[in-house]
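Common to both upcoming complexes is subunit A, partnered first by subunit B, then by subunit C.
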Partner chain A sequence: MTSWKRWLRPANRSRALFVAGALTPVMLLFFVFFILPITASVVLAFYRYSPLDPDSPFIGVRNFLNLVSDPVFRKAVRNTFYFVLAAVPVNLLITLPIAIGLDGVRRRWLRDSLRAVYFLPTVAPIVAAAVIWAYLYQPVNGLLNAFIGHLGIPRILWLTSAKWAMPSVIVMSLWQDIGYNIVIFLAGLEAIPSVFYEAAKIDGAGRWHLFRNITFPLLSRTSSFVLVMTMISYLQVFAQMQVMTNGGPHDSTRVLALFIYDSAFRYNQMGYASAAAVILLGVTLLLTLLALWLTRRMSQWEY
Partner chain B sequence: MKTRRSVSVLLLLSLLVASVLTGCGGKTKPAEGTPPSQAQKVKLTLWQHDNPDFNEATQKAIDKFKEQNPNIEVDVQTFPYDVYIQKIKAAFAANTEPDILQIFGTWVPDYSSQGFLDAVPDSLMAQKDDFYPAALGAYTWQGKLYGLPHEYNLENGGMLVHPAMFQAANLSYPKTWDELVADAKKLTKRDSQGITQAGFIFTSTDNITYSLLSFILQQGGDYWNADKTGVKLSSPEATKAWNAMLDLVLVDKVEDPKLIPPTGDEDISDYFFKGQAAMAYRGPWTIANGLHQYNLKDFEYAPVPPFAGDKPYFAAESGWGETVSARSKNKEAAWKLVGYLTGDAALDWNVRSFTVPARKGVAANPKFVEATGPMMKTSLGVLDFGRWIGPLRDRDQFFDIINRHFMAAADKLETREASLKAAETEINAMLAEKSK
Partner chain C sequence: MNQARSRGAVGPDAADLFWKVLSLTLLLLGAAVMLLPFLWMLLSSFKTPVEIIRTPPTFWPENPTLAAFSTVLTRAPFFTWMRNSLVVAVAVTALVLFTSSLTGYIFAKFDFPGKQALFVLVLVTMMVPFQVVMIPTYLIVARLHLLNTLWALVIPSAVSAFGVYLCKQFIEGIPTDLIEAARIDGAGELRIFLTIIIPLIRPTLAALGIFTFMASWNNYLWPLIAINDEHKMTIPLALAYFTTSHHGARWDLVMAATTLMVIPVIIVFLFFQREFIRGLALTGLKG
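For the complex of A and B:
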């Protein structure tokens, strides 16, 4: 008997009903707030649509062709990749050592306190954090330039020069975000049985060998998860760009999500924005699959 | 006995039915002379953006209106400026808009052209000639009026000045454009890191465009083509204006746009009020900010000399005003309130918000001049030289394009000619796309 027909047997029917009942609300929410909007967005990408305009003609792939020839869109794609390729590796390089350091803290109360401290920025609303950092970065009245001025370093135009704007926003994003990955890595580290370390130490393994041969392989699934989730999140970065730089100066921080927002809500070009959103969705999907494929080999270790 | 009881029951029932039927009866106009408190209760919803001076002025006016019309309740809802425009668009798309929207004039055509706004009733149209044409421009669609403005949105004609800085430099307020540039250079202070006090700041997201357009008009030129379907920014007048503005940054070096953060709550006027600029080219609405938010009294609002000629011609958007939804179920009451806010309450509204009046009668009223003092005099003196900016189609894109290319030229990422040409090309492409 095929597997699904088993559920029709009287003995299994009540369980099937329970499962269906339990899943229906969440599937309904998923359908209404996820599937439907994405489908609508994909459809709108082929129309010249404005919510206030009753005339919204079908224009085929013209939105996509216009995007390809739009220099601002091309710059937004480049900026998005700049942000992801810079911020994701730095994020992992910061969070993993911190998590390893925290895992080595013997006193539980101290470890928990430090974990909370690192996680605090993650809890803060991103917009509020971006506003505060924008004040810190102010060229004339900002705290950072006041500090480096005392060290004899010339004023840096953190958010108003094309050279510094993106790195400045990356620093803010990392400050706000590392707590989350530290907690995930810490959970992964705590799950590695200590017997492996004990056995290795008996054989005379040093710290680097412990990390390379035990910690890193057995943390591979956690690392894969962190890499993929961080990449997806950073591909959609928006709030800090809008608050701190609004895409400037000279579109040097205009990322795809901000481009989509401006096209849809400032310029009333919903169809155009939807086409850009479809492209972002496709890029995110491709990169996610690529990341999963690349890390699959690394994630073969189990315990 | 039985018969008497039946008759009593019948009478009682008849009375009950009669009273119920009376209660369910259709709307009847109150009899002549019926006090308003006995008229039908109406609840209006009014949306406004978050501007403390505007909000206080509107609330005071509504409080007085409610005293005269106790049957009309007004629910005022306030939204941050950054989300207000999206809120309005979403509301109209979802049929959840309020009865009255306090709206920026340039946004009105987006809604009036689609039939979302109610036309101004004849009872209020009689007052139309008392409004400045520039203030009414964007509220007009195909010959009909779709709202009434509170203010004459003015970003030209005057500038914030620190008299103490002029006195310290032994200067008087400039009377010509050349004097302004010379004074600005003398008032600019620097240290090893750059400008510490700008002589003249004007590079706000609004004023770059307003300056360009006013400089073109003052030379006797125009920025629109003949039928206002496109702009011409390659004219000699536009080129001269563009170069003069870039010279202020690159040659005269009286301000550094990089020192002003691109976003946040701060405007170039905030830099002025913090003492970091001697002159700031900003509209008179910033005066209220200095008086009430910074509690400053030691600044003035002086005339900006024309760039060319002797007439300070300028282009103005239609400012904030009141509109009524075409789908409002309480249009009569809504227009009554709007008529009051922009009519009887206009003087107090403009005084409290320190805005230039949209009505000629208010601008000429000695009470307004006395209440606002000498700082408003500068703006009142130029009102007749303004004209409506024109059908921008998409105000944000129009201004963004000019700002982006100006900043690129100021940072030498584009040549002056290329930046102006690119701005013209992109604006015309946007206008063509939006008019499809």
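For the complex of A and C:
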């Protein structure tokens, strides 16, 4: 239908000029800063590359083999899964009830103010949030230890013990970003027509029944979207680890993103870091496909 | 809608009231937890260096002082950081709005060879984590001699796959007849874009603009890689640098610096709250 010949006709020339003139610079930027880096990253993963070393030989899958046997990388993968598998379910278990609660608040100003408060931490720079929590978690004069001290509980080394560091970072991360999912769930809830609830109430349905048979199925599309987006974003968690613990103590909070950053920019092993990044890319793509599949499956429930 | 739902046909009974009180109590408690870290930041920034290291800590400052703020503002290039962040965020937002609406318009309303392939290419980049592109991007920016300049923070962020996708979605809803009519009246292509398309997608652009601005303002990982000159730093980078390099033990200074960085964002958010939340719910965008 669209052929070059038709485009070169005089009548279409100004349109063709507009498209070409506008698209060329934009596509150039997309190419240089997105397409090229993605390709280069995959290529780099098969080289031993350091910006300080003039010699960068092709080494096949050696980077990947080295990664698999690197105890720090394995730890980073485990920590990333720990973070995702712990923080994502807790996130959903907190945000959905809060959204349902907010949806039930009848006074508009109260509902909007509460929503704003829950959303507030997500707009603050994540570095600022990490610094504030690092201070709350201070072992000797932090607010948290002072509080549990009042209750007679001994001090906890929140960020400086291998056992507590990850849970502490997870709590901070949840505080920082539950606002997003609350707002998305709330929008999903507001979209459910109230006739459904009224009809069910006339039939004498109880609170649990309303949730189980109306809210839950009609929210399944929103929920699967929230689930997958949260997983993808948590897989890339970086700033709070880098600022609060820098991966420590004993690598207990070293996640994949931090491993990639350190390998590339502290140790200058850019090929090695790219191989790790390619693995992260693979996992992300799998999750994205899962997302597409889930939304398609769930759409049968849509009203 | 909600009134109808909660009053219902059955009417409020004791169980209903119980649930209502319980859920409101929990919501208010949760809101207090959300605010407490900010309150603690604010209170700590008014404490003296002596009070801040007391064990156990005092909650309310005993001798509130602005000393920490004046130290931060005079000893650190705070206004330079603020200006850098502002320059970068404004430039990135303006560029993203322009490139996204223009490209979205072309993908929505023009037909040309290779269009589908180009659009798919743009969409693919949306799914890729930044950690995957950051190493080659660093090498490219280094080759362009842009490291340690604000250009390094602006140019790679001048286009947004998500922005293009969003604008295309909304521009597709605009009737093509409107554009054809303008063409018959003799309007040029650029003029049609500026005077017809842009005004019609203003709400979308407002949402996209706010998010782009915030994402740029809060971005940490890329500035961390591209900038190491103290005078070229943006606010998040500067805060991490300030905390870890000089003042890790001076929590009064760190909290004052954090307060100075958080308060403007909160004010902007409260001001644009509606657009913000509507935009988020509309797009399901994650920061």
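Criterion: the second predicted complex is superposed on the first by the 256 of 303 C-alpha atoms of A that agree within 3 Å, B and C clash if a C-alpha of one lies under 4 Å from a C-alpha of the other, contacts with A are read in each partner's own complex, and residues count from 1 in each chain.
Basically, a contact is a pair of C-beta atoms (placed from the backbone, for glycine too) under 8 Å apart; a residue touches a chain by one contact, two chains touch by 3 or more.
In this text the structure is predicted, and so the values were computed from the model without any measurement.
Q: Check the residue A:Arg266 against both partner chains and state whether it touches subunit B (first), subunit C (second), both, or neither.
A: first
Q: Quick one: classify A:Ile148 as touching subunit B (first), subunit C (second), both or neither.
A: In the superposition, A:Ile148 touches no partner, neither subunit B nor subunit C.
Q: A:Val131 in the overlay: touching subunit B, subunit C, both, or neither? Say first, second, both or neither.
A: In the superposed model, A:Val131 contacts both subunit B and subunit C.
Q: Would you sort A:Gly248 into first (subunit B), second (subunit C), both or neither based on which partner it touches?
A: A:Gly248 sits against subunit B, while subunit C stays out of touch.
Q: Which of the two partners, first being subunit B and second being subunit C, lies in contact with A:Leu52: first, second, both, or neither?
A: In the superposed model, A:Leu52 contacts subunit B only, not subunit C.
Q: Would you sort A:Val90 into first (subunit B), second (subunit C), both or neither based on which partner it touches?
A: Touch partners of A:Val90: none, neither subunit B nor subunit C.
Q: Looking at the overlay, what does A:Leu174 touch: subunit B (first), subunit C (second), both, or neither?
A: neither
Q: Determine, for the superposed model, which of the two partners subunit B and subunit C contacts more residues of subunit A.
A: Greater contact footprint in residues on subunit A: C.
Q: Go through the superposed model and pick first if A:Val140 touches only subunit B, second if only subunit C, both, or neither.
A: both
Q: State whether A:Leu292 touches subunit B only (first), subunit C only (second), both chains, or neither.
A: In the superposed model, A:Leu292 contacts neither subunit B nor subunit C.
Q: Residues on subunit A in contact with subunit B in one complex and with subunit C in the other?
A: 51, 131, 134-135, 138, 140-141, 149, 242-243, 265
Q: Quick one: in the complex, what on subunit B touches subunit A?
A: Listed in rising order, the residues are 85-86, 89-90, 92-93, 110-111, 114, 116, 192-194, 196, 257-264, 274, 276, 394, 396-397, 404, 407-408, 411, 413, 436.
Q: Sort out for me which residues of subunit C touch subunit A in the complex.
A: 1-6, 8-10, 15, 19-20, 23-24, 26-28, 30-31, 33-35, 37-38, 40-41, 44, 52-57, 99, 102-103, 106, 110-113, 115, 118, 121-122, 124-125, 127-140, 142, 155-156, 158-159, 161, 188-190, 214, 217-218, 220-221, 224-225, 235-237, 239-240, 243-244, 251, 254-255, 258, 261-262, 265-266, 268-270, 273, 276-277, 280-281, 284, 286-287
Q: With touch defined as at the start, can you tell me which subunit A residues reach subunit C in the complex?
A: 1-4, 7, 14-19, 22-23, 26-27, 29-30, 32-38, 40-41, 44, 51, 98, 101-106, 112, 114-136, 138, 140-143, 146, 149, 175, 177, 180, 183-184, 186-187, 190, 194, 197-198, 201-202, 204, 207, 225, 229, 232-233, 235-236, 238-239, 242-243, 256-257, 260-261, 264-265, 270, 273-274, 277-278, 280-281, 284-285, 288
Q: Can you name the residues of subunit A that touch subunit B in the complex?
A: That would be residues 48, 51-54, 131, 134-135, 137-141, 149, 154-155, 157, 159-162, 242-246, 248-251, 265-268 of subunit A.
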